[in-house]
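Beneath this line is the structure, given in structure tokens, with notes to follow.
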Amino acid sequence: MIDASNKYGITKAVALFLSPALSAIFIFFFLPVFAALAMSFTDFGLYSLADWRYTRFVGFDNYVKLFNDPLFWQALKNTFYFVLVAGPLSVAVSLFAAISLNSKFAKFKSFFRLAFFLPVVTTLVAVAIVFRFVYHPHFGLLNYLLGFFGISPIDWLGDPDWAMPAIILMAVWKNFGYNMIIFTAGLQNIPSQLYEAAEIEGANAWRKFYQITLPLLTPTTLFIGVITLIGFFQLFAEPYIMTQGGPLNSTLSIVQYMYREGFRWWNMGYSAALAFVLFAVIFLGTLIQLKLKGKDE
Amino acid sequence: MNNKIKTLGLNLLLLAIAIVTLAPFVWMVSASFMPNGEAFVFPPKFLPDTFSLTQYEKLFTRINIGRFFLNSFILSVSVTFISLFFNSMAGFVFAKYKFAGKDKLFKLLLSSMIIPAQVTMLPLFLMLKEMGFINTYLAIIIPGMANIFGIFLIKQYAESIPDSLIEAAKIDGASDFQIYYKIFLPVIKPILVTLALFTFMGTWNDFIWPLIALSDQSMFTLPVALANLMGEHSQDPELMMAGSTLTILPIIIVFLVLQKQYIKGIMLGSVKE
Amino acid sequence: MGAEGERVNDLIADFEKENPNVSVTVQQVPWSAAQEKLVTAFASDMLPDLFQIGNTWIPQFAFLNAVQKLDAYIDSSRVVNKENYFEGIWNTNVIDSSVFGVPWYVDTRVLFYRSDVLSKAGYNSPPKTWDELFAAAKKIKSILNDEKKYPIYLPTTDWTPYVIFALQNGAELLKENNCYGNFSSQKFKEALLYLTEYHKEKLSPVGVSQVANVYQAFKDKYISMYISGPWDVAEFKKRMGDSLSGVWNVAPLPSRKGNYPGVSLAGGSSLVINKNSENKKAAWKLIEFLSRKKSQLKFFKLLNDLPAVKEVWNDPALINDKYTQAFYEQFKNVIATPKIPEWERIVYSELRQYVEYVVMERMTADDAMKALDKAVDDILAKRRQILDEK
């Protein structure tokens, strides 16, 4: 480690190294965060684009309006539905895939890993478009395949009760490969002697999983939980492409509502308030997870 | 015997999952070679009756997808290079130098990773608009110039290379910039490749910000153009599948070539902070 | 925008030949996001000198001070003259007695139908009143005798039928100088209930995703009637093919009772000039060029866009086109939607949503329209405040 401190705290050369990245981050990330906070206390809207003088400070009005807006609650409910179902489901599927691939019985490991991982790297918009057709009630691939099991056609994206499950299914399909890789890394760090010892004691697979794998993976699971949570709360492209938030607003997400209010109807003050609620929700969600896991250990 | 059954069962299960993950792609590519109307039939077809290039022809002639391709490519490459440069300089300092307030500064950066980017979008739009950058490449490049995750990743990797290498150069009288350029960059090359891959794919696949910041059709990136095309051609699955195939294809190729670096990067990024 | 953006270049070349000192660059915006993209362009001072907008957006752009008043240009023009245009369409360009746009091409909604199915049901001409339309739908359902075939398609993603039928019923959509919603009025609700009756009686499919492709659905007799505009004539011609060209047709919309055709919406695109443009003169020249009979006719032939200039309709190319003639009849009775900047938002984000709640039977029409009025009143709060200050 090179000491770069002097009476100013840092040498000029080192400050120069830091400044491009840090000034970009401060100007184009931190500054807008504070500006957005300020904006959320104004009624900046379509009329303000015509003339700034139409903008005024309205205090907490936007937040009050938000809490009385049924569509906001609907969007919040939908987003929670998505996060709380798709999140654990995708973590479970990825853990299952990682353990299976880690097993000594698995063949063609690199092929399977690649196949599972492929959806992760592909463009979400393109995939959402593909799925819109896959989910078609009459001509879609999914209903056709389900037909073999005697399941009658489901109007995946047109039925308000099925639209969110359809989006969840796609999200799990798209994302589980990423977490699978992280779990694989975690699994490889577990000393194999532990399993050998357990086998000698006659433990079955389930007990080995429950008593060795799961506890030793806790830090990994925590990390995955947090990044999945942050990512899933930002649900946007899937409903934007597949359902436009419908039917009956059953797939409208917070980010989509924010986009619509801000950039379609130019209700930017209200939209900024929505953005901050999203931030608060993510913040609390992360905090709760860290607390819960902290107690576990 | 028991082991044979286990092997068979497990591999069949893995195969089933692989089919689920791959089937949509297979159908996508196959439908993209169908003439109009053939993908909307019951039962769905897995192979075109007659192999047709109509959809691709239409994309390149009528819809001008080449332009969107170029936009996506230029943007992804520029963002990748600029951010790699900025992030590596910052990562270098955070990993190899001591200075006042370093830990606090880094903690601040790390903890702000939980702020969703959407929070910044409204003011960012108005800022870039005042600068006259909306609907230009700069509207995408500027917010992507540096990112906290990139700095973190480089710092994380660089901490594993011995300090002695750099200290020795310092004693030999090398300047800070020489150390960065001649010693640091070559050693962290693997992580640079990984980060380049992340950034390239991230920019290529990004949707919401380009959707907001680009208004003229000739500036659209592939995902934005594709979403718009869906608005007008939701009746034409074959055309949409051709567009999707073209959008995904470059990413898949890049990934297949560099998958080892990519996967290593994910693992490194996940090391407990 | 959309196809116009692709094809207008054919005309621009002629214009440039005529005016060698002017060079025109065409910027394309996709139709599906045109309105938001244009506001983005406005917000970032990037609007072109001359641009096309849907005529229902004129109030918004006029309010934003984005477009130039054209009265002075029109007064001294030998090409553009109010008398040459359909009155209902021209009026959509007038706000507080100033003209902001020149109609480029026009559109309105009419009834697309399968004539073979209708005649099998005993109708040799399309329905002319609400009652007849409903009776025809019932009859079609019974002769098709198929749970999975529907006489008419009234998707909830399209707000226009709901507004059109309300207007036919004499409903006033907004009240008090367009400052409050008036959707819970008896007349609006009657029209809404009339239309949702089709969904209830399974005469129209409910979910939007049920019909992935209107043309395919028409081919398969999955639906037999559909309310849409002139752009679909071109699509139908292309997709129905020659074999089915005799079985589909278009007709003006039915009316509440008697006085056929019933009213429809005055739609279309207008050409407007950016208020901050430095090339207003040249832009106006281009508007005049595109408003000439020859250019309008050429555009009709290229894209089937219906000419805004009435004289062009005397051309054999239009007279001999049965589809076009049906639109001509309809244009005699068209009306504009309320001319306020918030209108787009009211119909796209609010009206559609509440209609969907009624159609899917999650809300009664009474409750839904009351909630709609409340939402609309909220949207219009700023308008009231600004009017009060003035």
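Residue numbering begins at 1 within each chain, and the chains themselves are lettered A, B and C in the order written.
Convention: a residue touches a chain if its C-beta (ideal position, glycine included) is under 8 Å from a C-beta of that chain, and two chains touch if they have at least 3 such contacts.
Here the structure is a predicted model, which means the values were calculated and not measured.
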{"item": "Topology of the chain contact graph, where touching chains are joined (line, ring, star, complete, other)", "value": "complete"}
{"item": "Selected pair, greater C-beta contact count between A-C and A-B", "value": "A-B"}
{"item": "Rounded Å distance between chain A and chain C, as computed from the means of their C-alpha atoms", "value": "39"}
{"item": "Chain centre separation (chain A, chain B; CA means) in Å", "value": "16"}
{"item": "Sequence positions of chain C contacting 2 or more other chains", "value": "40, 43, 212"}
{"item": "Where chain A touches two or more other chains at once, by residue number", "value": "136, 138-139, 263"}
{"item": "Multi-partner residues of chain B (each touching 2 or more other chains)", "value": "40, 212, 234"}
{"item": "Touching residues on chain B, where the partner in the complex is chain A", "value": "3, 6-7, 10-11, 13-14, 17-18, 20-25, 27-28, 31, 39-44, 85-87, 89-90, 92-93, 96-101, 109, 112, 114-127, 142-143, 145-148, 151, 163, 166-167, 170, 175-177, 180, 201, 204-205, 207-208, 212, 222-224, 226-227, 230, 234, 237, 240-241, 243-244, 247-248, 251-252, 255-256, 259, 262-263, 266-267, 270, 272"}
{"item": "Interfacial residue positions of chain B with respect to chain C in the complex", "value": "37, 40, 62, 128-129, 132, 134-135, 212, 215-218, 228-229, 231-232, 234-235"}
{"item": "Residue numbers on chain A that touch chain C, as the complex places them", "value": "43, 45-47, 49-51, 54, 65, 135-139, 155-160, 246-249, 260, 263-266"}
{"item": "Footprint of chain B on chain C - complex, ascending", "value": "2, 5-6, 27-33, 37-38, 40-41, 43-46, 212-216"}
{"item": "Chain C - residues contacting chain A, complex", "value": "36, 39-40, 42-43, 60, 63-65, 157, 207-210, 212, 341-342, 345, 349, 353, 356-357, 360, 362, 378, 382, 386"}
